[in-house]
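Please find the structures below.
In the two complexes that follow, chain A is the common piece, with chain B as its partner first and chain C second.
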Partner chain A sequence: MGKYRVIFEDPEQPEQPAMVLVPSDNWLEEAKAGLLPPISVYWALQDDEQQAIAEGRHDTFKHDPEKHAAQWTAPRIGPLTEEEAIEYLIMKDIPRHIWSVEYNRPMFKIVKTADVPSDRQFRNAWRLAA
Partner chain B sequence: MSTIKVDNLQTTGGAGLYPARAWSTFVGTGTVSISDSGNVSSITDIGGGNYGINFSSALGSSNYCATGDAQSNDGYDGRGRHEPKGTYSTSQVQIWTCAIRNIQSAQDSPRVMTTVTL
Partner chain C sequence: MATIKLQGNASGSGSVTLTAPNTNSARTITLPDEDVDLGNVGGGAAVTSCINGTGTVSLQTSKGVSSVTDIAAGKYQFNFSSNFNTATYYADGTISYQDSSHWSYLSNNYTGGNMDHTRTTAHCKVGSYNTSYVDAPSVGLLASV
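After this line comes the complex of A and B, so read on.
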């Protein structure tokens, strides 16, 4: 089990409880082995998909084959530490508006796994402490 | 270890084969953790019985098929229920789990199993 979790809130969905990003150990191993492409490869794909959603054509959406293949063909970025991998994962798996915009309080926090409550009672009332 | 790279898989008779593009088994209770997975970079614990599965490599199309099952957490049923919900993006599928005896409300599951094919 990875050492870290990321707790975040989505300012566009204020009624939603705090969410917890749980990294995959298999993916962390790939990150440490230097097998990941530049993060820009994923952002290009996300941008294309968001464009399709905005234009109402997501039901038939397919990625551009060349951009899609870049996930495997782009030069690898090299080995990452676990901390660097978590930063990469935030930029990949947490919506961009959560971590790229400055709000009047932090919208995400990297915490040790042991610090996440294991008692999930009242799970839908979890909030990220200021 | 060797890697085989192909664009199409077929039986010797010519029928198409469609392997999973992603799969995961995770614990959705206590401290949520991924037991094992393929092409999954992370799980987003969205709330009680609500989870997002984030793919390591984005899928080529949004018209994929996500199926799965969930073990019940209430001590009454042998099985729970697992349903995709809302988001079907090429980088994440969201699912929710519940007990068969109460399909109206989401409930954490101690074992959530998902397979994605395309």
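After this line comes the complex of A and C, so read on.
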């Protein structure tokens, strides 16, 4: 089990409780082995898909074959530490407006796995502490 | 007599090791008489993942998944290692839970409530709904083109 989790909130959904990003151990191993493409490869795919959604053509949307293939063909970025891999994962799997925009309080935090509550009785009331 | 040929890769610089199991028996591996890609045995799903959605959420299996997002009680999102080329990929999520006597499972394509089925080529949401959203000890997703 990875050492870290990422807790984040979405400022565009203020009623939504805090969310927790749980990294895959297999993916972390790939990151440590240097098998990941540059993060810009994923951003290019996200941009194209978001544009298709905004234009109402998501049902027929297909990624550009060259950009899609770049996930496997782009030069690898080399081995990452677990901390670097978590930063990469934030930029890949958490919506960009959460981590790329400065708000009047932090919208995400990297925490130790052991610090995430295991008692989920009030899960829908979780908030990110200031 | 048919022969076995081991072939390296001129482009790579790593080494590949075949390892024996911890056994005292003689074992034989019989190869099928067809082309097989071990990177895609049986043409398996691109994504096969299962999480324990109770306690501190954890991934139990995670083929093709980079992470899972614990959104709220009974709501989870599987984030893929690699994007599918279209959002019309096949996906099937199921929730397994234990009733009074045995394990049961429920396909979570439940349309009577307010399940969030939105997805992109990079992620797919799975929910566990029983009158209200509830955490489940086994939440699985299969996805493939």
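Going forward, the second predicted complex is superposed on the first by the 130 of 130 C-alpha atoms of A that agree within 3 Å, B and C clash if a C-alpha of one lies under 4 Å from a C-alpha of the other, contacts with A are read in each partner's own complex, and residues count from 1 in each chain.
We take it that a residue touches a chain if its C-beta (ideal position, glycine included) is under 8 Å from a C-beta of that chain, and two chains touch if they have at least 3 such contacts.
Only a predicted model underlies this, so the values are computations on that prediction, with no experimental measurement involved.
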item: Which of chain B and chain C A:R123 touches, first, second, both or neither; value: both
item: Contact residues of chain A, present in both the chain B and the chain C interface; value: 1, 16-17, 19-27, 30, 42, 45-46, 49, 58-59, 61-63, 65, 68, 71-72, 89, 92-93, 113, 116, 118, 120, 123-124
item: Residues of chain A defined as touching chain C within the complex; value: 1, 16-17, 19-27, 30, 42, 45-46, 49, 53, 58-59, 61-63, 65, 68, 71-72, 89, 92-93, 113, 116-118, 120, 123-124
item: Footprint of chain B on chain A - complex, ascending; value: 1, 16-17, 19-27, 30, 42, 45-46, 49, 58-63, 65, 68, 71-72, 89, 92-93, 113, 116, 118, 120, 123-124, 126
item: Residue ranges of chain C in contact with chain A within the complex; value: 49, 51, 54-59, 62-63, 65-73, 79, 81-83, 85-88, 120-123, 135
item: Of all residues in chain B, those that touch chain A in their complex; value: 24, 26, 29-34, 36-38, 40-48, 54, 56-58, 60-63, 89-92, 108
